[in-house]
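Two complexes are shown next, each including chain A; its partner changes from chain B in the first to chain C in the second.
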Partner chain A sequence: MQEDPFPAAERILSDIESVFIKDPELKEFDILPITLNQNKSPVHHVENCLGLELWCVRHVYSYAYHRLFDMRQQKNRRADPEVQSRLLIGALLLNPDVQTFWNMRRELVQACRLDCHTELRFTSIVLSRKPKCSEAFSYRKWIVTKLVTGGEKGQSLLNRELNVAKTAANRYANNYHAWQHCIWSLVHLAPCDMYPEIHLEEWTATRIWVTMHISDHSGWQYRQYILQQLCGPLGSKIPHTHEENYLYRYIQPLLHSSNVTQKPSDSDSQLPSAKGDPDQPFQYPFAEDIKKCSNMRIVQCLNFVLSEIDLSTDLITRYPGHEALWYHRRFLLSFLKSFIDQNNCIIISGENSDCRKHKNTFSSTALNNYDLSAECVSFQSRASGGSSGEVTSSDIHVFEIIREMLYLVAQAMSKHEKCFVSSCVAGDENQQRFCSQYNTWLTQVLRLSVPT
Partner chain B sequence: MKQNYMQLTRVFSDDEAQINKKLPKELLLRIFSYLDVVSLCRCAQVSKAWNVLALDGSNWQRIDLFDFQRDVEGPVIENISRRCGGFLRKLSLRGCQSIADGSMKTFAQLCMNVEDLNLNGCKKITDSTCQALSRYCQKLQRLDLGSCSAITDISLKALADGCPNLTHLNISWCDQITESGAEALALGCPKLRVFICKGCLQLQDKAVACLAKNCPNLQVVNLHGCSNITDDAVQQLAENCPKLHYLCLSNCTHLTDSSLVLLAQHTPLLATLEVAGCSQFTDTGFQALAKACHMLEKMDLEECVLITDATLIHLAMGCPRLDKLSLSHCELITDEGIRHLGTSPCAAESLTVLELDNCPLITDASLEHLISCHNLQRIELYDCQLITRVGIRRLRNHLPNIKVHAYFAPVTPPPSAGGSRQRYCRCCAIL
Partner chain C sequence: MKLYALNILYKGPNNAVWLKCSYDLTSFNYFQRGSVQEFMAFVSKTIVERTHAPARQSVKEGEYMCHVYVRADSLGGVLISDYEYPPRVAHTLITKVLDEFATKIPASSWPSGSESSIDFPQLNVYLAKYQNPREADAMTKIQDELDETKIILHNTIEAVLERGEKLDDLVAKSEGLSVQSKAFYKTARKTNSCCTFG
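Entry: the complex of A and B
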């Protein structure tokens, strides 16, 4: 008779399961570094945290593993779902990288033997020990999709998903899977055209996070995704933050510093921030006209990008030698360039087709159609007040103003980047290397031309 | 090729096949009647003749669909009902969660002779199923409605009206059941022998008293977790049901020693008593019980925290048939109590399972005292921190087949988890 070498495994597994059932507030699981084996339960449950003593891990896992694979191999003899679930909890807590075990749980969920919300809780605890487990994240996605198709509201699930993923991101640097899960959750539970305010919230919230995790490529990537959404075709309903006048915050100072006032003191690396006096008269062309479109969406988008470039400048100078920051800057610059190019195209085509043909009968419906087809920027000018009925000639004029502004921004940006690079050349070895690479990239890939 | 195939089909065609020719239909049917559900369904696909034979209602008197629970939907039951009709005596749909009232009504109409019906865990079932059963299935003797949480008193009233032959009933976890349902049941089904109602929190003394008075044949009663009942309920059971041999009162926390004394006075046949979590019970109660109930075989005293060695001394003397004894979390038990148990008549003859987990005072000396228990197959020692590996090894030397359950890990390392998959088992590699 072959005797079970470690009968306590079953008991330990059922102890673990009962903790899950008894404590709905359970937060974490981890292995305690206790190697002394006494006749004492190795399962510890303190302050909503579950711990398992080290000495039993090998035995419990081995027991669960072999029993589960025995069950799997004799599939026709259906195993008791409760036993199976208990074994799976133990096996997955100790080693969540086995896809087969997750699939077995999926089967149980599909047979209505496990509750979806309990499963979400369970995976969050698995992630507390192994925050980089992609299988756990993909299982979560599966469950969430199942819940949403079952009629559950996406928004109520979203917060939990973002929280779980961000906790995992905090526990493990460069946690690609966690940030990818955030992106997935936004795409599937709160698309930007329906929940613009959530994206705006994420935009402000992650700003703090990335300044504390400057080397986290994946965190930056998430921010890049949000930026793309905010400035993309789905972002047209982003609420205006009225406290802040977009024009004055970043664009004007930029234009001001690099184009017109050519004082030597303004050519330093920092973007001039809002400290500039807003009432100061503009000296560059179209200054007064640009002022008119200060609340337009294109200005708002530019403001998002420029504020991020400002943040990047700040972080690169403060923390020299971090590659992630330089890569993020490359993204920002190329994004800005394509953004400007795209909008220029639209404006030119818009002028050619619509404006020229129906000069003075350029109706607001045409303008709206153009918004949709142009898939970039909504020119719904709030400054012109509702924009109902016929569009006045000054609105047509807006196109020209915007084009001019975009041109100015592009010029100013080129100049600004050159200044920035030259200010970073002095520094530690890594910083120098990244800086010269960045410079090469600017001229060769982005083909940035410095205005004379 | 084609010719061969033709021949083959001819051999197996209905009239030509040897077995069909040689045996009369009655004998074939008899053979089929020994097959299980899966085999019958396979046979039904062989030929037309076999299809008729395999699906003949007489083969389908007892059906257990537990193995197919996920796939069993309403139409399956309706088809089975049509096939089997009056032949069906026993049907188990345990865990078939998709089954709902509609198909069960069809079933009740078509299979009027059903005697044993198991609907445990069919959560969609409501009172109308029971009303249909009451209307058509008067021969029903055993009914399991465990975990059918939509069931209410209406069901019990219906069963009381239409199923007077009911002997076994399980309504565990049907927590909508109240006094009035139980009372109606007691009046309508006096033949009740087995009554199981775990976790029916609304049942109180009056319901139990009514059952006890009207159903004198009660032998098995399970009131696990019916936490509202008191000593009065046990008194009625004890005084009116002398045949009682299984009683579970676990987690009925209001009960006191007087329950045990009453059981001792009136139920000499009691063989199984489960009183886990009845924390008011003391040595006095168990002394009375041990002196009177000599037939006791299984006792679950988990978390009867007040009992001491004195209880063990009385059990050792009074209960020679004791086979399974659980003393988990009885923290006052010491080696002395185990010594008495070890030298008692029950130890040498019958004791097979002893649970001593979480008894902190037990030492290796207890294991020494148990050496004479030749039939002991399993002993639980989890969390007994004074027990050592040496003590367990010594016990194993005397009782080589015993299963000792403790937290001690085996000295030999476990077989590695899955050869080729080893690279996935990172935790074991790291640790």
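Entry: the complex of A and C
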């Protein structure tokens, strides 16, 4: 045992606890750098913020720590749950990285000695001082799971979880635990097939966040997760919004700017190759046909990816020398490539025609790395608009159009990336390094072949 | 991307004086804000005093950047931002603010000026408006004139100090910092001196 326990500790701990009870709007906890005991209460409570003076932290923590571990070791001798809870509040506010303390709180919750909603509030205050505390986040997950099992609506919990995690993300850059908590919350409280509009909202909201936190890897990772959901098998119910026609926003300008020509010897109509005249509405091969597909999901998905690539281009040029932006771009390009490859598989298997012939035709192009794996078959029904039964001749026509469009997009993207890389080579020293690494990656990892 | 402080100072023969200051410290914990503000004011003054006019400097200190411009007429501007904020935009903003300040407030009142005697509310507006450099107004003209190679870059604040000077000593003997802020500085130093997870 301690030789002389700090006499005021019990008093300070109950002061802290009473602030929690008194103030339901409490927002923050912090330690005040006051090193001398001025013979006043070291507990401050101003404008919904709780502060504890530095000089007493050591003593209070040591007192709470030893008492809690004594209790833990003599489990059978029943400790008063109220005392235990009070000690835990103090100990966890000062040092939330101790898993044992969180487990003791879990036991109190299990025994119905603590209320789940109060616990969520308590964790958010712990996170205000230690925004990167993974134990606090996992405790939150445990509580939320318990609430959902108890019948609470996931959606009502979701907003609070996202807010708490994002506040933590604002406080601490590259806060992996916080953004991971957002992903967890979406997966468990609002899966994409049931709450497509929430994913769309997050997509819009994080766009603003990332432009203000350009070097935050973890924030970008969250956005990558949402993009994968929007374009993935669960995202088929994403409503068509903002742009009345997806084609015009990003796809057409991309095809236009890189001035791609149609794929040789694989189509019936032999239109002349396109000319990049900005005054004329752009006419590339199949232009009219592609317009018919403008509301298809595949076009919607392409639009999500291309809009993000557009944002990436803007940010990289505007803020040179930030590695996180370049890594995000790598993700986008490989995502786009696998998206195109995957959909080509579906189309080919959907056309139910001679796959070999197409495979041969494609092998000379930039999209040659696909194979007809079993996975592709599961996408088949999605591509053919839900009817997985027979394939009609009009279906085949649509397939052809889409295949043509995908080919054009892939080709245009290759050109676009090469242009982009050459536009970034000057200037900032770091930017040059990232740019040349990216260029190497494009050719050696992504195996992007540039159309001539 | 975040701007924390925008200060205008006058660099006198012996020391610098604050003419107008503006802060946005909402991203700090409530109890830290007072000390952070005192400390940012102290850094602004220290750095203006050690910049030989006319010159531009950008000093990196941890996750913060301190941009300073002292004009030939001894008017100085300091902008404290995070490391993401583009230095070019930062210096454009300082230039713009100092130009406007010089036209509004006559040079004769600078040496004796103080926060309360000078009326220049635009400073707060600029600090808020430039938080997002994308949305800041068209500054193309000044940007073209701004020669980036003229900005002297330093990787630590110690590099700006004169030979033999130590930041710890300057903090210890500063009159502008309260006891609490000095203690805050000491704990912050200690925390940052080793790697901590969480």
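General remarks:
Heads up, the rule we're going with is that the second predicted complex is superposed on the first by the 377 of 452 C-alpha atoms of A that agree within 3 Å, B and C clash if a C-alpha of one lies under 4 Å from a C-alpha of the other, contacts with A are read in each partner's own complex, and residues count from 1 in each chain.
Convention: contacts are C-beta pairs under 8 Å (C-beta built on N, C-alpha and C of every residue); 3 or more make two chains touch, one makes a residue touch a chain.
For clarity, every value in this text was computed on a predicted model and none was experimentally measured.
Residue contacts after overlaying the shared chain place A:N37 against chain B, while chain C stays out of touching range.
Touch criterion not met for A:D341: it reaches neither chain B nor chain C.
Contact with chain C, but none with chain B, is seen for A:C49 once the two complexes are overlaid on the shared chain.
Once chain A of one complex is fitted onto chain A of the other, the partner contacts of A:S62 are limited to chain B, with no touch recorded for chain C. Of the two partner chains, chain C is the only one that A:S215 touches; chain B does not reach it. Of the two partner chains, chain C is the only one that A:A173 touches; chain B does not reach it. By the touch criterion defined above, A:D97 lies against chain B and chain C together after alignment on the C-alpha atoms of chain A.
Of the two partner chains, chain C is the only one that A:K132 touches; chain B does not reach it. Of the two partner chains, neither chain B nor chain C is touched by A:E197. Within chain A, the residues touching chain B in one complex and chain C in the other are 31, 54, 97. The part of chain C that touches chain A in the complex is made up of residues 1-2, 27, 29-32, 35, 63, 83-84, 86, 131-134, 180-181, 183-184, 186-187, 197-198. For chain A in complex with chain C, the touching residues are 27-28, 30-35, 44, 46-47, 49, 51, 54, 96-97, 128-130, 132-134, 170-171, 173, 211-215, 318-319, 322. On the side of chain B, the complex with chain A involves touching residues 67, 70, 97, 381-385, 387-388, 401, 403-410, 412-418, 421, 424-428, 431. Listed in rising order, the residues of chain A touching chain B in the complex are 1, 3-8, 11-12, 31, 37-42, 54-59, 61-63, 65-66, 69, 78, 94-95, 97-98, 111-112.
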